[in-house]
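Next, two complexes with chain A in common: one pairs it with chain B, the other with chain C.
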Partner chain A sequence: MVPGALVLMIVLWEGYKAIGPENGADVFGVRLIPRTSDRAMPHVVEMLRRFGRPEVGGGSSRTVFDAVFAATWYSFRVALLGLVLGVCFGLLIAMLMARFNLLRKGLMPYLIISQTVPLIALAPLTVSWGGRLKLGSFEWQKWMSAAMLSAFLAFFPVAVGAIRGFASPPAASLELMDSYAATWWQGFRKLRFPAALAYLMPAFKLAAAAAVVGVVVSEISIGLRFGIGRLILSYSQEATGDPAKVYTAVVGAAVLGLAMAALVSLVDRTLSKNRPAEAQA
Partner chain B sequence: MKINRLSKGAVLLAVAGLAVAACGSDDTATPATTPTSGVAAAGCDASKAPATLTKVKLQLQWFTQAQFAGYFAAADQGCYAAEGLDVEIIEGGVEIVPQKQLADGQVDFALSWVPKALASREAGADIVDIAQIYQRSGTLQVSFKDKGIKTAADFKGKKIGNWGFGNEYEIFAALSKNGLDPATDVTLLAQQFDMAGLLSGDIDAAEAMTYNEYAQVLESKNEATGKLYTADDLNVVSYEAEGVGMLQDAIWADAKKLASDATYKETAVKFVKASIQGWIYCRDNAASCRDIVVAKGSKLGASHQLWQMNEVNKLVWPATGGIGVIDQAAWDRTAKIAQETKNLEGAAVLTKAPDAGAFTNDIVNEALQQLKDAGVDVTGSSFVPLTVELAEGGN
Partner chain C sequence: MKHESHSPDQSLGQPAVVVDNVSKVFNAGGRQQVDALLDISLTVQPGEFVSLIGPSGCGKSTLLRLIADLLSVSSGSLVVNGKPAAQARLDQDYGMAFQQAGLFDWRNVAKNIELPLEIRGWDQAKRRERSAEMLELVKLSEFASHMPWQLSGGMQQRVAIARALAAHPPLLLMDEPFGALDEMTREHMQAELLSICASTSTTVIFVTHSIPEAVYLSDRVVVMSPRPGRITATIDVNLGGNRNDDTREASEFYGKITEVREALRGIEHVGGARGIEDR
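On to the complex of A and B.
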């Protein structure tokens, strides 16, 4: 699937570049048809070649590939931490909401509001708050802000999915639990949580994507060094004279997203293997 | 079942463990306090440094580049250490506002353009300009020769690119000065932070800094000829020359602390003095300063950085009244434009004139006196800029 999609993308890119108008075209005075000049759309080959050349010319510097790889790896680790935190927090919130009726009714609007706060407004604030935080020798680092924002985006789909999932067992099953005099916790472990797995997996995938977006956007916003978002911004400043370079960083960001998705699929497969199918009466 | 549950747990644990372990290793940039070359070059003797250094944080406006070379040079050459300071230079980002970081107490000193800092000041940030490192404005409006835009008066009827976010006031001031109405006489276009719009012809005249975007054009190939663009292909309108230049990079300090905290004031003098030594070093050793900045992890190419260093030097030097001294006339002009020029939304940067507490020359004068006593040239009256050849892509 992945190689096929990749080939398709290259064919689309180069195909449009071949037939599209060099200078783009305006529709009702707005430029809607993009330019195909080498500056606007460098050849894929050119991007690949750029990977092999030094990042900074005029000296012995690492290649762009090494730079993009290192940045992607850095962002991957921050995004992963963000995802793990987000999943934990999302599950916790959903559990509390499943347990307490009052929370279920009262908390939802706040969850939704939380996602309407623009990330770029929040990012510098977390740096500022973090800067005031001092516990012994612990000092808040900028990457922690990025991981926090990543978690902030990632928790939402998990919470929403889990809330639906925890409420998904049919009334008959819940009543059966009651008839066993099961405690709420027993009911949660044996019935609600397993039932929620089918809802959680798609939620995890959304969360993985959100975690990546969170890291990349906050890197750009707060100027966090080392990550792929920062690299995209740095390289895009050189886009005038070196247009292929910025696309190498974009490829890195795409690989980051794919790697996160692959990881979630792996977890999914492990969890769903031998998942007992419900016996049909 | 048991095995299955175990393996589930193992995967989840592994994932969590990886994430935590991954972020445990932190590779934050460490400030350089050890000089890489001899003592003599910048005249800073780090061996005189006291055993315990005072920690100081400086917030930059953007990523590491030659625009901030003086500070990196001061750190690299041991100037900060010689003054007993351990300076951490903090990079900026898209949403990081240096003067807000300063007002929030996150950093000890911040760099900012004067109009932007004055706007924050009016909004309540208690900050003060203690050293005006850049003596002139480096903002240009660049166009191709065939558009015939030689002065701001030629903007009439043209598509004028601008960055917005408070970077557009010099353009508006130049338009007003030439009797042009920004709303009807020109087409104002939002411009990206690269020069693609100019090269593709979407913009007739693009906003550019002498030390960055202008160089980007000269590093690009003319697709028609296959050669790099040259200065002969371009017309340049300089806002400084148009008489509407606004003061740019300055060192800002916490006004309240400066008034009440004698130690902070002492630190400010030391910091300004050492920073000035860094800028003097860069005036006399542009190539070496370029190398310092490149070594600090700048992503821009070597010829681009040398160009930037050289152009920045032109904005700093010569400094008639001494580097860092705030010139009352330039200050008043900046404040006047900031109050009187309205952008398309009808907003001016400032609603009233900044009060006398917005800048002080006390700190910089004290620093300059110490340097003058040591026989250092702080005006750079004999400064001659280099001629820098730009290579493709700035490499």
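On to the complex of A and C.
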């Protein structure tokens, strides 16, 4: 799947570049057709070559590949932490909502509101809150804010999927557990949670994507260095003189997303061994 | 088949289930108040097989759920295995099987049967031993590690019965367990159920829509009528211990079917005549 999609993208990119107008075109007076000049759309080969050359002209600096790789690896770790935190938080919320009727009814609007808060507005706030937090030798770091914001985006699909999943067992199965005089926790562990797995896997995939977006956006808005989001921003400022460079960082971001998706698929495959074939996505 | 005997208090001769003047009202006092059951009294002896039959809405499933303590009575009293229904549920004195086998997709057949034992906190070795024994009882030993979706509907229902009986409860409550099966499988399962009950001396309360099924299986058929649900007739069957396919063609069998059918017809004539009895 992934190699096929990659080839398709390259074909589309180079294909359009070959036939599209050099300086773009207007549609009803609006500039809609993108330019295909080397400055706007560098050749794929040129992007790949750019990876091998030094980051800044001067000779002695590291290559772009090293820079992009380091930044991607940095963002990956932050996003992974965000995903793990988001999954834990989302599951916890859903569990509490499954357990307590009052929460089930009262909490949902707040969950939805939480996702309408613009991340850009929230990001600087978490940094300043964190800055005031001092526990002994512990000091709040900017990357912790990024991980938190990433978790903030990632928890939502998990919570929504888990709420549905925990409520998915049919009445007869719940009655069965009741007839065994099972405790709520036994019912959760042996019925609700395993029944929810089919709902959780798609939710985890969405959460992984959200975690990546969360990290990239918050890197940019809180000015966290080292990450791929920041790298895209700084490379894009050189786009006029060195158009291929920014695309190397974009490729890094894409790889970051793919790596997260691959990780989730791996978890999915391990957990879904015992599910009927038709229930597997 | 060898099978260890059930809890000792059965031998004291006390009834397995005593339903005494039980009524059940849903939404009491509300606009949509439903008198589901009215003044039900029924005593079931240990080892007896009793069917509850009646049109939809007659409260037979409700009565079963009251005995199981999945619902609580509005008035009257309910004694199961010599104790209040709630205590009997806590002690897992009964097993239950529903129309849908309701096996857990993520557990194999043996693990499904072990579910009630896990909840009781049995250790793994004991659970294994018991699930193997139950699989032998329902003749599915070679399917222990199959997943539920790999089994036919009839086999799934057999697993559900094995699960219901895994803890050797003295009482088995069944809510149309064969309702979703085709006719051939159904008759086969009825014969299986009888032999299982005979070998385990389990008391059974069996809810069904089918007159021949009720007659074939039961020592006693309890006919119920709707709105409010009450018992209108009780018919002793006594087709003998060795029922088989010939039984289904015997004249006594047809005689009893007619008797039950007439009792059910009687309900239509009575209609709602006693429907508006306020307690």
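Convention: the second predicted complex is superposed on the first by the 273 of 281 C-alpha atoms of A that agree within 3 Å, B and C clash if a C-alpha of one lies under 4 Å from a C-alpha of the other, contacts with A are read in each partner's own complex, and residues count from 1 in each chain.
In the analysis below, contacts are C-beta pairs under 8 Å (C-beta built on N, C-alpha and C of every residue); 3 or more make two chains touch, one makes a residue touch a chain.
Quick caveat, the model's predicted, so the values are computed rather than measured.
With the C-alpha superposition on chain A as described, chain C and chain B fit side by side in the combined arrangement.
For chain A, the partner with contacts to more residues, out of chain B and chain C, is B. Of the two partner chains placed around the shared chain by superposition, neither chain B nor chain C is touched by A:13.
Once the two complexes are laid over each other on the shared chain, residue contacts for A:65 go to neither chain B nor chain C. When the two complexes are overlaid on their common chain A, residue A:197 makes contact with chain C while staying clear of chain B. Looking at the shared chain after the overlay, A:172 reaches chain C, while chain B stays out of its contact range.
Touch criterion met: A:39 reaches chain B, while chain C stays clear of it. Within the superposed three-chain model, A:89 lies out of touch with both chain B and chain C [touch as defined at top]. Minimum C-alpha separation, chain B to chain C, in the superposed model: 9 Å. The residues of chain A shared by its contacts with chain B and with chain C are 274. Listed in rising order, the residues of chain A touching chain C in the complex are 170, 172-173, 175-182, 186, 190-191, 194-195, 197, 274-276, 278-279. On the chain B side of its complex with chain A, the touching residues are 4, 7-8, 11-12, 15-16, 18-20, 22-23, 26-29, 62-63, 91-97, 100-101, 104-106, 193-196, 199-200, 202, 213, 216-217, 219-221, 223, 294, 297-303, 391-395. Residues of chain A touching chain B in their complex: 23, 31, 35, 37-40, 55-59, 76-78, 80-81, 83-84, 120-121, 123-124, 127-128, 131-132, 141-144, 147, 220-226, 230-231, 233-242, 245, 263, 266-267, 270-271, 273-274. Across the complex, chain A is touched by residues 65, 68, 70, 89-92, 94-96, 98-100, 102, 104-108, 115-116, 118-120, 147, 149 of chain C.
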